[in-house]
Amino acid sequence: MSTSEKPLGTQPLGKDEMAALVARDIPAGSFVNLGIGQPTSVADHLRADQGVVLHTENGMLGMGPRPAPGEEDPELTNAGKQPVTELPGASYFDSAASFAMMRGGHLDVCVLGAFQVSAGGDLANWHTGAPDAIPAVGGAMDLALGAKSVFVMMTLFAKDGTPKLVPSCTYPLTGVGCVDRVYTELAVFDLRPEGVVVRETFGTSYDELAARLEVPLLR
Amino acid sequence: MSTSEKPLGTQPLGKDEMAALVARDIPAGSFVNLGIGQPTSVADHLRADQGVVLHTENGMLGMGPRPAPGEEDPELTNAGKQPVTELPGASYFDSAASFAMMRGGHLDVCVLGAFQVSAGGDLANWHTGAPDAIPAVGGAMDLALGAKSVFVMMTLFAKDGTPKLVPSCTYPLTGVGCVDRVYTELAVFDLRPEGVVVRETFGTSYDELAARLEVPLLR
Amino acid sequence: MTTLCADPDEAVAEVRDGSTVLVGGFGMAGMPVQLIDALIRQGATDLTVVSNNAGNGDTGLAALLAQGRVRKVICSFPRQADSWVFDGLYRSGEIELELVPQGNLAERMRAAGAGIGAFFTPTGVGTPLAEGKETREIDGRTYVLEMPIHGDVALIGAHRADRAGNLVYRRTARNFGPVMATAATSVVAQVSEVVEIGDLDPETVVTPSVFVDKVVAV
Amino acid sequence: MTTLCADPDEAVAEVRDGSTVLVGGFGMAGMPVQLIDALIRQGATDLTVVSNNAGNGDTGLAALLAQGRVRKVICSFPRQADSWVFDGLYRSGEIELELVPQGNLAERMRAAGAGIGAFFTPTGVGTPLAEGKETREIDGRTYVLEMPIHGDVALIGAHRADRAGNLVYRRTARNFGPVMATAATSVVAQVSEVVEIGDLDPETVVTPSVFVDKVVAV
């Protein structure tokens, strides 16, 4: 899809708008894993009539929103160890089955955060490479491969101004060639075999993006 | 254990006596798979106070005896597709879990029939090697490896008079080095790293057995 | 998204020529009889059938085989007292057989469903069924490398489904259903009863809805 | 045969120095808190602990680590906001860490329990966590070979046991319990309640009694 097919946003997206955008793009009836952190906010924007079923890696399909205060169940949490609820039609299973479900390609969409994404779809989101950092990977490497479509939500530039959509990741990889689409505050990118396609822009233009990124862009 | 430690039987065992002997030797509290065919008769000789729990490869622990006529449930069968019953404390699981339970070494004893057993514990019980035979293996190769102790029940000689406990199997193998003990109508043999030990005899003697078998025997 | 089908014919309508079809059941327990009958009517041919057995008597799988619709059978125990249809086709060279120990059959489908590329199993080592396959000694034990078995379609029998597609089974009829449900691109389940969403206890669901594409009550 | 223990101390009495101990739980859900506390009192040292996390705050696993009783941790996510005990030991080189992606951690224990010698998984390929490991391309996809993780002991938390040792879990507290129960030589489960044999529906048992050695109600 070229950028001309959609109205261009006039200013960069806020976090909430990004989450709403991702939610809009998830096909009805999908089975979806929202990772941990920012991507979990996508749940707040899914419409009930979308019929999306949420998976959490710790062993549940049919995860519902945070419970009302005082109704938390310590034995019902999401992957971020936050209390959640159970929706009708839910099911529970053990960790081996939960990751088999992901690794086997049974989920439709997974939404993840990232430090860097390469033009070829490599993902770096578990380790900054800092020598004194204590490494921790959790389910990140499984999630990176764990769905038919892997979406990333991230800011397009790091705090120091360097792009996070790069020709080649400099941070340690989480997965190789696994990312299908990247949502940022300035644009949405499809990572395709033929290259990086700008799908939509927000408060910027294709030419501005092309000037700021080292990655060749396609319209 | 040498043969002198047990009273010698004065005549060969009948099938029922063999089954009773196997049942006697199964340690209390064992989890046991009785294969199909003749070994299943061992169940009739287990005492309730032995607390033996029967496994069937089609996905059940806690299998009970054949139901009363008219009370058969087509969805409750053993590996021979015969109707069985459910005992208190039973559980059901799928085929992958059932064979994982066996392959992972969680069962204590498996009792199988055989065409041939070698002195080194190789088992041949699935195929006679006849060129026109239609091959069928079922769970035989899994069962051969599927317990901490694998017992075989068989006649010691084939109909043509040739021994079935042999230096090396001539029939196609089911498993290598997997048999621990062989129950026959004439003797019980332990297959140990140091050789074949005659554990008990029935209506014959160590010397007679040694003369009729090509396998070196230990007392 | 799981579709509730009006009848078994609708449930198997999309099976294509040349497909690999996983068929549940151990003997008659868990056998998706009505789905197989619908597949016979449906007409797809040149099939590879993966199932524990290869048909009994003259109905069900045996009838599918008798129509010459099955190119290859992957199973553990084709030879039975009443497997004359398979026996005849096999002896006359009209059907291909890949014989797989029952546990490897289940585990190979489990691997397909779980995204495992291959696995080392001890079962079959040193036997004719491991001939020509890669073996490896690991921690003093010899294993043979086995590959996943993927299905294009799985036809399984379960006890009860909810409208979302969650399945529960009954007794030893569970057998190959849950693992086949993970191993096929399209999964069709026949059940005795379809209940409302919320009527199955989430703790007791054996096959979660994500694996199930079509459900039909028979 | 499953033994009902009078208290958690009896349940962990036989853990030996140098053992590999699988510890269930994802965060606090399914964490066998009383068994860990008993293990701290019991005194076994030079342990290898396999668990999803590496302890939080100053209690439970963290307290075991703080006593210098753990030589090595095999886990997926040691670093957390309150993992200061592990962090300190790791930075000072007093504890060894084998970092394993969570799905590989579960699958490696599943392999141990299922008698699988090794398996090819796509998870981790091309990352630092696959460095030095054998890789192989199968059907156009690259996989890394991963080995089983066996435990000498598993300490798990379940919801309810019957006197035979069958276990059921509750909600997302199930997580690593069922797979750890298959992967250890001796399996100890703490539960909220022990019921009579026959009081658990056989269709709903998640961990069959064959896997469970000791049960203690807490």
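Letters A, B, C and D mark the chains as written, and numbering starts fresh at 1 in each.
Criterion: a contact is a pair of C-beta atoms (placed from the backbone, for glycine too) under 8 Å apart; a residue touches a chain by one contact, two chains touch by 3 or more.
Bear in mind the structure is a predicted one, so any value in this text is a computation, not a measurement.
Counting C-beta pairs in contact across A-D and across B-D shows that the higher total falls to A-D.
Distance from the chain C centre to the chain D centre is 33 Å, each centre being the mean of its Cα atoms. Each chain gets a centre from the mean of its Cα atoms; for chain A and chain D, those two points are 29 Å apart. Note on chain placement: the centre of chain A and the centre of chain B lie 55 Å apart, centres being C-alpha means. Distance between chain B and chain D, defined via averaged C-alpha coordinates, is recorded as 35 Å.
Residue numbers of chain C whose C-beta contacts span two or more other chains: 107, 110, 114-116, 121-122, 169-171, 203.
In chain A, the residues that touch at least two other chains are 86, 92-93, 100, 102-103, 145.
Contact between chains, using the touch rule, shows up for A-C, A-D, B-C, B-D, C-D.
Considering their complex, residues 107, 111, 114-122, 136, 138-139, 141, 143, 147, 168-171, 201, 203-204 of chain D touch chain C. Of all residues in chain B, those touching chain C in their complex are 56-60, 73-77, 81, 86, 92-96, 98-100, 102-103, 122, 127, 132-142, 145-146, 172-176.
Across the complex, chain A is touched by residues 1, 110, 112-116, 162-164, 166, 182, 197-198, 202-203, 205, 208-211 of chain C.
Listing the residues of chain D that touch chain A in their complex gives 26-30, 52, 76-80, 83, 86-87, 90-91, 97, 99-107, 109-110, 121-129, 142, 169-179, 206. Across the interface of their complex, chain D is touched by residues 28-29, 31, 51, 53, 55, 61-62, 86, 88-93, 100-107, 145 of chain B.
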